[in-house]
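Each of the two complexes below includes subunit A, the first together with subunit B, the second together with subunit C.
Then we have the complex of A and B:
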């Protein structure tokens, strides 16, 4: 096998080397191509192409059969914005985004600080435990929480019944209006560990000397949290908030589908479940694709808006 | 020395909250185990937190394994997860290595393509994917699932592994090159073994994600022969409205949870390092 690089050639090798450098270059190109192209091809076929194709589908009225695929321009979008369910779904999505950002960030930050700044002997143990919900399938989490909310045999009603004369039989997932609130606890419970780990890593990057100096100046723990910890992990918190927003808009489907299927009466519908229902239950593939495009557009828009809202002088570590 | 927080009262309050949250995480797992050993009678007449009666109904597990065909779903999940993880890891590592070490025309654009794809919701691609796989006759096949899952983990893998390869010292490759290893030899015999920690971190995270994945599976697979565990859990839970078999349902959950819990216990540190590596932008 020819060498890619070699020692400085002596005179009579030089001629061979000139020829070699041509073939060395070719070898390099072949190597690069052979490592880039298969992956890229794969990615193009199974990710890029379907993504672009979805934009295309969204301009058609299409029930899945090739003979009935009619180009209708923006009609799917117009129809979509006239559909009250889509507005409800958007509202629910942003309700979950907001609720999860507040709930997850508050608890994850609290746990991250508690596990790094308190010298608990069990800090490592708690950290391992708190991450467990993140390794469990959301499907499983949905089933478990369904059981908590189960009207006849669930935990919540049985627990409440301890304090009442009659058996409590609230259908927690059956309210006409506020059932979406019931989906927030499982979503927060399942999300905390991941963001806690990120924030722990960020806090551990803060030099201990900052805290020592602050202590010498007599500032208390609470003050140190606001003046040192928070500003220095703000960058990581921003990333986390954006990530919560994106994963919620893209991925609320599973928890909602398992727990309520968007019901009762579409009241817990999110964009993801509505897309799924429109496509694979009612075969409005064009309309459903338009919902997918809506999810993309909203998630990009929200990223921009959040980034502007959260813009603040970032503190660089020295 | 860590200054830490020394106020004993604050410490006790914090500790109490931490303990409370630990219970809220662990208790559902314990009750899943306990409830997987009950029959319907106990579900309807005892409190949900009651311990199961003796004899414990371990036969719920064999019942689910045989009557609900979890033997099949378990193997399906193993094959799909294993196949997609290995293929995804190989494809991502190859591209990541070249992007980290070689400058060439378009390298920045290719890296940018993978990274920006992480901003695009996967659910958008779902409908065209279904029709694409349908036309390739790959719906209701494990191969189809493996292909889609592989593609879905590429961007994350490339992102983390580019960082990892950049962190490895260049001298090692130069030495390998001088020894006449060639590009391929250098990659497969020197760089891949050296990047084992990064590969394991990415691989384990991919295993967790693929093992737990529901939406792609439920869209691409409607033939019960090809179900993976999460697909069947979803179906089973929907059926619970008509036939109530709570004990077996919890046994089914255990089949899904226990493998990932074991993986988590073994690879905790690698998972944590993979996650933090993936989050630093």
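Then we have the complex of A and C:
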């Protein structure tokens, strides 16, 4: 206003301006704080505090029930790295990460493309069908697949028996090694729906004209997929891959615990189940806390590494 | 002024009476309500005229103050706990009993144990509560001296009437077994009669009949491979005792982390019996991956003839037992011809917290529950034999409980008293037994693995 009149603002006007901007600033701060502070508070109480506490406990020899804890420095970590089961658990975890990334991404992308690019009538129906496993609790999925894998009355053996003379009695969850492979199908089956929806949304954002132009130039569906669809949904795929990795490292506990409890003979142990086993079944809470810290560190490291690996120029829509 | 005073006294008197009246009804209803997770106050007031039925357990001294009882509610239910607590309350009207019961009570009360303010009395059963660990953590009251002279409300010496003795940790006693259940091998008597198979009485007859069963196209033996403590409890441990001339101290030495006990020939003999069953193809190959419910279903469906399990099985599967199915049971099959039967007990114990605030009440409660009257009530309400010697044939207990009690009190049965192994060693034994039964390791590997775990745990 002062400028509009062509005069430099006098002292009074300047004061009013400052006051106005001051209260606006305050309002803005209060507004932002009202969103951030509660979130930060909850985040601190439910994430930061337990993390620090776990880190703290990992330096103690503590059963989880006694009143006293013995400070033992890094002994839990040293013992952890000497423990062959933890190495097997880490291996199994990364096996699941890799298997799920490949399995889920391949199938989710396939279904997403199939349900968007090929206009067929039942697309909506199939979209719902593929999403159903996401609505079911992982616990139920575990129990369901346990029935599928049951050696005597399971679906899989009954199905295979249709093609053989003798009854098939394979113990799908009882191999001495590689039983972890059997946990991959349920884990993949349970995960496809969500990522499929994410990719469908991404594909639907791609303007139809790109495909029309490509068709006019004579490129087929395959070519269109590689040169148009894939580059334009790469950002969403990256997010999906990171998310699969993180949820697997932190959350494969549930499906493993329901289906095998880490057995037989620790062959399907993952870090989460071993943590639980050590904390609540074998009463080594300090050691279990050290495993918790290991999961955190590995998750962070893997995120950084994966992000680097996937760093590729993102193609953005003009 | 006088009127005012009278009015005030009248109000005060009404306030005093009202809660008491409420308590009276509360006390009755408590027994029929599910106590799940809830803190049930049996009696808040004192001196309730209606509650003068019994005598104070510890004759002479009146029990007062708060008294907290923690009990896990699992397979044995909580009917007995509610009843016994109500009875104890009636006998001790001035005591303010708080019953902390429920299927999740162990987890819920954990912070209190860690903080040093635990309940006074604890029933050790269910997940996340392990007697050996509680002892090692210094959470339980040393009852060694007390139990030597303690008598129950009937005047009997408690230690003398226990069917299985309490476990000793470095010659000290901290917890007393309340239940007397047994592991063992089951079959269907009706199926055996129909096929003309002989019921097993020892190892050789077990092998012989298994051969016939296999020839008839049925898998002889199933165990719960997902939880290998079933095969350990029902087959391996009794077989070790049989091979050790019926001397169960070998198991106690194992629990005390003595390496040489695990390396004894008795352990090897017993392990070789599992190998023999495995190599003859008697063990259901599906065992390795299945849980208890699945294995029990397969057994009830006659897919397998024998199952390694415990005496709670008929109760647990009561809804699924087919018509005509008749449970046959023997505590052990590892013994030689003419050898004694070995019953490996499965139990749950009771103890007093070291930091209990009302130890007098807790001890009086122990004296109260280890009586013949409460024992037969336990058998009746929980469906499992109590750890008190005595004839329960006249009680209302279910018939399989009476049969089991008969077996376990027979002079010709070797009863292994309750033994809790170190949790790490126990896990190592379970993993190794599952692997042994599945054929991935041999007995020498079993011993190597377990002794490694023992050495590590003993550090």
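Following the convention adopted for this analysis, the second predicted complex is superposed on the first by the 268 of 318 C-alpha atoms of A that agree within 3 Å, B and C clash if a C-alpha of one lies under 4 Å from a C-alpha of the other, contacts with A are read in each partner's own complex, and residues count from 1 in each chain.
The definition used in the following text is that a contact is a pair of C-beta atoms (placed from the backbone, for glycine too) under 8 Å apart; a residue touches a chain by one contact, two chains touch by 3 or more.
Given the structure is predicted, the values throughout are model-derived calculations rather than measurements.
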{"item": "Touched partner set for A:49, first subunit B, second subunit C, both or neither", "value": "first"}
{"item": "Touching partner for A:152 - first (subunit B), second (subunit C), both, neither", "value": "both"}
{"item": "Partner touching more residues of subunit A, whether subunit B or subunit C", "value": "B"}
{"item": "Partner chain(s) touched by A:280 [first = subunit B, second = subunit C, both, neither]", "value": "both"}
{"item": "Subunit B versus subunit C as contact partner of A:303, first or second or both or neither", "value": "first"}
{"item": "First, second, both or neither for A:260, with subunit B first and subunit C second", "value": "second"}
{"item": "First (subunit B), second (subunit C), both or neither touched by A:94", "value": "neither"}
{"item": "Subunit B versus subunit C as contact partner of A:197, first or second or both or neither", "value": "first"}
{"item": "First, second, both or neither for A:169, with subunit B first and subunit C second", "value": "second"}
{"item": "Residues of subunit A that lie at the interface with subunit B and also at the interface with subunit C", "value": "64, 152-153, 280"}
{"item": "Subunit B - residues contacting subunit A, complex", "value": "1-5, 7, 10-11, 14-15, 17-18, 21-22, 24-26, 28-29, 32, 35, 43-44, 47-49, 91-92, 94-95, 97-99, 102, 104, 110, 113-114, 117, 119-132, 147-148, 150-152, 154-155, 158, 174, 177-178, 180, 182-185, 187, 208, 211-215, 219, 229-230, 233-234, 237, 246, 249, 253, 256-257, 260-261, 263-264, 268, 271-272, 275-276, 279, 281"}
{"item": "Partner subunit C, residues of subunit A touching it in the complex", "value": "63-68, 149-153, 169, 171-174, 176, 260-261, 263-266, 277, 280-284"}
{"item": "Subunit A-touching residues of subunit C, taken from the complex the two chains share", "value": "110, 113-116, 127-128, 130, 133-134, 136-139, 225-226, 285-286, 288-290, 294, 298, 303, 423-424, 427, 431-432, 434-435, 438, 440"}
{"item": "Subunit B-facing residues of subunit A, complex", "value": "1-5, 27-29, 31-32, 35-36, 38-40, 42-43, 45-51, 53-54, 57, 64, 107, 110-111, 114-115, 117-120, 122, 126, 128-133, 135-140, 142-144, 146-147, 152-155, 158, 189, 194, 197-198, 201, 208, 211-212, 215, 221, 236, 239-240, 243, 246, 249-251, 253-254, 257-258, 272, 275-276, 279-280, 285, 288-289, 292-293, 295-296, 299-300, 303"}
